[in-house]
Amino acid sequence: MTRAELEHFIKEVFPQVAADFTVEDVAPMEITMRLNVAERHLRPGGTVSGPSMFALADVAIYLAILAMIGPRALAVTTNASFDFMRKPAAGVDLIAKCRLLKLGRVLAVGDVLLFSEGMEAPVARASMTYSIPPAA
Amino acid sequence: MTRAELEHFIKEVFPQVAADFTVEDVAPMEITMRLNVAERHLRPGGTVSGPSMFALADVAIYLAILAMIGPRALAVTTNASFDFMRKPAAGVDLIAKCRLLKLGRVLAVGDVLLFSEGMEAPVARASMTYSIPPAA
Amino acid sequence: MTRAELEHFIKEVFPQVAADFTVEDVAPMEITMRLNVAERHLRPGGTVSGPSMFALADVAIYLAILAMIGPRALAVTTNASFDFMRKPAAGVDLIAKCRLLKLGRVLAVGDVLLFSEGMEAPVARASMTYSIPPAA
Amino acid sequence: MTRAELEHFIKEVFPQVAADFTVEDVAPMEITMRLNVAERHLRPGGTVSGPSMFALADVAIYLAILAMIGPRALAVTTNASFDFMRKPAAGVDLIAKCRLLKLGRVLAVGDVLLFSEGMEAPVARASMTYSIPPAA
């Protein structure tokens, strides 16, 4: 799936959160996503919340998988692991750089680095496993 | 800190999300929390979203720590690990049963089972590490 | 499978490591295992090594699964998460108390607390996912 | 610390396991390590065991940290997360490519990809947190 197809898919299937995210770039086994940071993603002090970082990492790995195998809304996260390493900078978007490490018939594994836009050191690291339903 | 003090604390410090959570029970090294499930926590099909489960597990471990050491707003999550095992039931709240496994001077570790209210099998398991700032 | 059947199975299939472990107790969805600590499991200072703790947690969850579904040597670990919380005591065995949280058709999830024998506070926490091959 | 200093350090401090590992390459915030696979690292079928993969990932992150801050034998692993993605190839060494993502005053975080030598797809992914003791 292309960047446009992924953005269309997410608007169709997850209308509640589609506005939160932008697909920045897609390549084989890789994706870069943006969290369009708004008031609802913040904690006191202007830092992006943990659940918002979870959401960004999760959608990045999900769309990286769909970009490779096509739209299957029913893929589900079975495992997630996070290291929160630095406080996100206030007032800037969060960028997720994701790579797929495994794309099997049943399980896919990806990892993600999250960056405050314009910073070199990552704010968080995440890895997730998705369970992929059989193709219809 | 008692149940009432914890609920007061979270309203003061995290007004954005305080309405999402209820402290059900507090005991030494243990806490039970409720996610008051509303439309904004759901995904298509009526299932509770991953970020909402993250938020519930995170606040449960955070408040379990504060119940033991008193209010320190600056404790931060450094690591989180999740296993998502079953789809949450539609139309019911999510209950987090949390125990602290370590409460050190610098690091605390807790784990959590998340249940759809009234179900016996957990929907998810989580463990998290918090870094505790020195007392003022 | 009973305790005797599990010990027989592990001697047959993993002769290299069978002497390291004792099945202490088996119950539905639960198992208690012992690491018979020997020189080869230790680090300087007499503390049990990380790889030995990994091995104990891994075998405990594996045998808890086999106790429920029967011998399937090909079940494989797909994910593992550990929190190392306290230094193991020198000169005593390590005890793993394991519960299965999910036993699905394809994936099983268990968690484990590891204790230095005779101590109340756990030295480590682990959770693992196993992928279960189809029954022959 | 240079490659030679790291290998000397590990021989001094962990004589039990020093022969298992070779430092292949060290760079700022990066290290490449080899598990010199021998009979004792194997499971039936000739595949490298989980505990041996744990040991390789752990020592790689440990030495990557020491390469930056100098010899501190007391740094300890507090958290580890693994995804086991493919069966290691029989009869070849395992290579760990490690990068440090955070090197703080108190905590360091690194991640690792493990490869069967000569293969392009990783067999496993790991991330670990180390707690760093104050400098003497």
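Brief remarks follow.
For reference, chains read A, B, C and D in written order, and residue numbers begin at 1 within each chain.
To be clear about the criterion, contacts are C-beta pairs under 8 Å (C-beta built on N, C-alpha and C of every residue); 3 or more make two chains touch, one makes a residue touch a chain.
What you are looking at is a predicted structure, and each value in this text was computed from that prediction instead of being measured.
For the pairs A-C and A-D, the count of C-beta pairs in contact is higher at A-D.
Homomeric contact subunit C/subunit D: same residue numbering on both sides for over half of the interface positions. With centres defined as mean CA coordinates, subunit C is found 33 Å away from subunit A.
Separating the centre of subunit C from that of subunit D, both taken as means of CA atoms, is a distance of 23 Å.
The distance from the centre of subunit A to the centre of subunit D, with each centre set as the mean of the Cα atoms, comes to 28 Å.
Within subunit B, the positions touching two or more other chains are listed as 78-79, 81, 83, 85, 129.
The touching residues of subunit A, when paired with subunit C in their complex, are 78-79, 81, 106-107, 129, 131.
Within the complex formed with subunit A, the subunit D residues making contact are 79, 81, 83, 85-86, 101-102, 104, 109, 111, 113, 121-122, 125, 127, 129.
Of all residues in subunit D, those touching subunit C in their complex are 13-14, 16, 40, 42-44, 49-52, 54-55, 58, 73, 76-85, 87.
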